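Read the structure below first, then the notes.
Chain naming follows the written order as A, B, C and D, and within any one chain the residues start at number 1.
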Amino acid sequence: MAHVADVMRTLHDDPGLRFELLADLCGVDTGTAMEVVYHLWSAGTRDWLRVVATGLSREDPRAPSVTFLWRGAEWAEREAYDMFGIVFEGNRDLRRIYMPPDYRSFPLRKDFLLPDDASRSPGEGVRPMEAAPEPAVLAGTPADVRRAREASR
Amino acid sequence: MTIVSRPWQRLSPAGRVLLPLAAVAGGLGVVFLGGVSSGILPNLWSWVYEALNDNVPLLRFIVAATAVLLFTVPTAFVIIFLEMKVIALQNLRLGPNRQGPWGVLASTLHGFKVLAKEDFTPTGADVPVFTLAPVVVYLASVMSFLVIPFAPGLFAQDMNLALLYFFAVGGLGVVGLMMAGWSSFNKYSLLGALRAAAQIISYEIPLTLSVVGVILLAGTLSLNTIVHQQAGTFLDWYVFRQPLAFVIFFIAATAEGNRTPFDLTEADSEIVAGFATEYSGMRFGFFFFAEYVNVFILSALTVTLFLGGWNAPLDLTPVWQALGAHPGAIDLSGLGVGLLIAVLVVPPILTVLLALPFWMLFTRLRFWQALVIGFLCFNALAGAAVLIWAAFSFDAVMGLLWFLGKTYVFVVIFVWMRATLPRVRIDQLMGFAWKWLLPASLANLFVTALAILIIAQVRG
Amino acid sequence: MTSPETKVRSLDDPSVFVDTPATIYDAIPPYPPRTEREAEFYTLREGEMLINIGPQHPSTHGVLRVVLKIDGERIVDLDPVLGYLHRGVEKICENSDWHMVISHCDPLEYIASMFSEYVPVLAAEKLLDVTVPRRAEYIRVLACELNRISSHALFMGWLALDLGGITPILYGFLERDEIVEMLAALTGQRLLFNYMRIGGVNGDLNHEFMSRLGDWMSHALRHIEDSMTLINSNEIFVGRTRGLGRIDRQTALRMCLSGPPLRATGIPYDVRRAHPYSVYPELEFEIPTREEGDSYARYLLHLDEIKQSIHIIDQVLHRLPDGPVMAKLPRLLRPRPGRAWAAIESPRGQYGVYAMSDGTDQPFRLRIHDPSFFNLQAVGLLTPGHLIADIMAIMASLDPIMGGVDK
Amino acid sequence: MSFVPGLGILKGLALTFRNMLRLKPTVQYPEEVYPVAPRHRGRLLLLYDEAGALKCETCFQCAQACPIECIDMGGVDTRDRYHVHWGPAEQYGERREESALRRSGRPVPDPAATPFEPIDTAALDAILADEAYDPRHMLAILGRTQAAYGHLPVAALKHISHATGAWYAEVYGTATFYDELRMAPAGGHVLAVCRCPGCTFRGAGRILDAAQAAASVTIGGTSPEGAVRLEAAACHGDSPDAVYVTLDGAVQAAPTAKGVGDLVTRLRAGHAPAGRA
């Protein structure tokens, strides 16, 4: 997936394209794979451009961060990580943004189940997250999180 | 009271009248007989009388302090109501309109509510300091009252250092704010307290320097004398001789009283309530009262220094004479011991005495209800007494009216500014004080001194 | 910081503060830092302290918590903490009908909810290839511009309120109340209109709405300008907002700003012109821009936009065509499988929806792009170096709506 | 920004002073009530008639008209047939299953929320495919479904609603309107009487009255002990000389009111030689 960064840089810097405005960045779970969808806008073409980074594995979805082009994408990537568990390499502040820090599932994934959520709702007491010595679990992929979950049980 | 009032209902009305009288008479008789027989009473009485007569100024001070303390609460209530109503009207609201006619009772009821509210101390607070801070703030503002002349012959204390005393005492308030901010274990409170300290201390300087011009003109520090020197028509007021000083003084006074646009100490949109964040109940009520008493005091000082105090804008004596009033004030300090009795002893006794018949004749009334009625009757009597007094000392009352009128104009201006202006930032605030107000007041002082010298030279 | 032997409980456990020492009031979180940014933020240098603005604070619009790292009165760094208002609207929309999406997206931007319900409708229409009747389009534009004016009027009041002026917000509420009343006559509700429908609008214009609108149009601009003279030229207001939170074009683009904060830097990016979506191509209006990118420019920009909106409403009232207000659609909508991106210009910027349909009558994925979310992010860039009092002015001039930020 | 320092502040002061004297737009709520917009959509209420009876008869038309399905209808339908729900996903597991999964095969994590017995929908799918999933063939679909399953199970109705896209209210209304469509499995023998004009001229009314008197139920119902079930048959004109009466599908030759009454009585008594009248 590393060439996403190159594509975005080209779109952003190429004098013929100059897609300088990041209209949106969001993650998508198609049920079989993960996607990251970018919407760009250019003053030259005066139209939207949709860039879809498809085929991220659902176990370990990783995509390069575009914060080196648009610093404003930081929170959007945090949201995508919070909701889908997509890890953006290069985002220096990839934490959960909506869910509590000790939350351990990714709500917008298709395999997210409500009872799953309720059984680990906040306010339950001591959470393994706080007992975990390493913060790596928190900023991990879904696989890491699942492994940590089994380890904590 | 119910326990007492049940046996009351078994008594006949005559008994209800006679029994307490008999009890009181019996008690007095026992005391009198015992005292006289043992010779204590005459000596005691004479000793007390001598002791009080020897130091009338001390008496006068006690009386004045009590009177001022009693005067601050209704003042605060009136100003709070004014603020609520005027600001409401200016933002196209109706404001308080349910409690009494035009909601005039709103602020009073707020006062009762504050009294009834829970008064808690946050965890980690420095309890004694936390408890003392509101008292310090309130006392500082009440003590400033002592030197303000309300009317000819009607002033608490005529010091020859009145202005110095005023600024000294006014500076005490900062201590209270610092205590509050430090002791309540809250970062917002701490920020508010530090802001208050920086602001008030830096605005003391232009405040004082702008007054120095007036002092040069008047040649005295006694407010009474300053007011007397502004007698005559309104052209003799110092505002026309010291316009710049007046403006500086007003701005600095606004900052001194933490009023908008300088109310950074309790900037509710930044630091939640500043030093008062953690306060509740009557402790917060003290801060609240102190703020509005400060408003009154600063307006009163502005009026006293620049707008002729209790002087009428024009000399109206012929009008009053035509109306049959006899000018000429009486010096209340001449009453001596009688004044102490008049102010300290008479009101409660009269209140209870006026309350008793209601309580006895209308058994439905609780005792405190009867007391309220008695208090109202006493006020009516007092008002009548004031009117009678006004008959032979007219311009004292007129002076009081003029003074309060001018003062409340300024109070309304304070409120008006609060309704209109946004808040300045702390650096703008300090920059304004040190870069503009201080040089301006210094220049004003310099020009005034020069003018006085030149005039003295010209007059030879 | 908590001592190691202190039993660390859940962050949301209310009883955590009861038996722990008072020093736990420190804002430092009781878990190891998750990113290097967090670690860097929560380590204090000499003379610095952390202070919490919010979640309950008079001037965070909504439930927002901002952890400030201050040195005296000066802000060194800040860390906004979101999520207090998170409802998971996107997930709810995935589980609900296309029609229900309207009412679920309605409360997102509750100050101007006409827009937040317009976008999903627009996306669904793109997926369904519906042609909306022209009268419905005009009515949509009319309602949206009215709602924009009401939102802007409230914004000015808010900005002044956060600067300590208590009066302008009530004048702003006067205008807003008139507009909201006429919108209630049109849509039935005052706040959450729920008026847009896929393929049209819920009901045609009625007489009460038109009469109210006529009364209001006769005095709107005069009233708004009158009430805003209170702060427009007020030296204190100008001195506090001019040069505050200044941001230049490149940074604004890199921060993904949109709406007034972006246009205040001079970039004429307005979706109504950049990618016209309704009958806006037929209406003439300018995109007001300003060169200085500071709070005062943003404030004045809102005033200009109000004038433009009144201009648009005037044209719409003159060109309103006759005809139906609802396209003929089956009750059950099954858009073609595909993806659609629809964006409109809300009072706070570009409000977008990225909808994926799998041929069923429910969105497979409904991504809601809220401008407040991206504009609020700029606070972290604009505020450091200013004083505590200024974070309120900057945040109010960026005008985030927490309902939309937290989705 | 004026060039005279303080002029802006003075302007603001003048404005506030002018507004202090202006008329106030406040609405004193309890005394004066603001008029509510005619289009206002407030809380839903069920109306009662003057006798105090609930006017709603669970016709589902309101739920059908609600664009965002915010209307919840629950309870027993007018014929005390069985429990129905139609409402928001948050309140009823059944409804949530409806809402989350309507016509899309995605899984939803509450298998417990199915208050009706699931059925094997193979036959029903065949029927639907044959009818091209067309909601306009609803009557034929329902008839064939009943022929296939013996009655119309709720699961079948919901499946039809899922597949054809017709609102559940439509399917349910259709199924409850026609007498020959039944929601419950037929108990015991089924005695069907045609009520077309021809048969009526030949005395179907008398026969029906006798049958109803004997079975002590009205048509469409089952006799108390469940032995006989009265239904309406459709002769489609193929019984030119006699009233068209069927017992368990077998046409009765030349039925009379007394004969049918006795038949019903015997059936209820429990010793009924099958196929004889």
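Throughout what follows, a residue touches a chain if its C-beta (ideal position, glycine included) is under 8 Å from a C-beta of that chain, and two chains touch if they have at least 3 such contacts.
Please read these numbers as outputs of a predicted model, since none were measured by experiment.
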Least step count from subunit A to subunit B, where 1 means the two chains touch: 2
Chain pair with more C-beta contacts, B-D versus C-D: C-D
Chain with minimal offset from the mean of all protein Cα atoms: C
Distance between chain centroids, defined by C-alpha means - subunit C, subunit D (Å): 44
Distance from subunit C to subunit B - Cα centre to Cα centre, in angstrom: 48
Separation of mean Cα positions, subunit D and subunit B [Å, integer]: 78
Where subunit C touches two or more other chains at once, by residue number: 167, 174, 230-231, 234, 236-237
Shared-contact residues (touching 2 or more other chains) in subunit B: 90-93, 419-421
Touching residues on subunit B, where the partner in the complex is subunit D: 86, 89-94, 416-417, 419-421
Complex interface listing, subunit D residues touching subunit C: 1-2, 5-9, 11-12, 15-16, 25, 37-41, 67-70, 89, 99-100, 102-104, 108, 165, 167
Partner subunit C, residues of subunit B touching it in the complex: 87, 90-93, 123-124, 185, 187-188, 191, 260-261, 263-264, 267-272, 418-428
Touching residues on subunit C, where the partner in the complex is subunit B: 22, 25, 49, 51, 57-59, 73, 160-167, 170-171, 174, 230-231, 234, 236-237, 239-240, 387-390, 392
Touch list for subunit A against partner subunit C, complex: 20-24, 26, 28-29, 37, 39, 41, 43, 46-48, 50, 69-76, 79, 83, 92-102, 107-108, 112, 122-127, 129-130, 132-135, 138-139
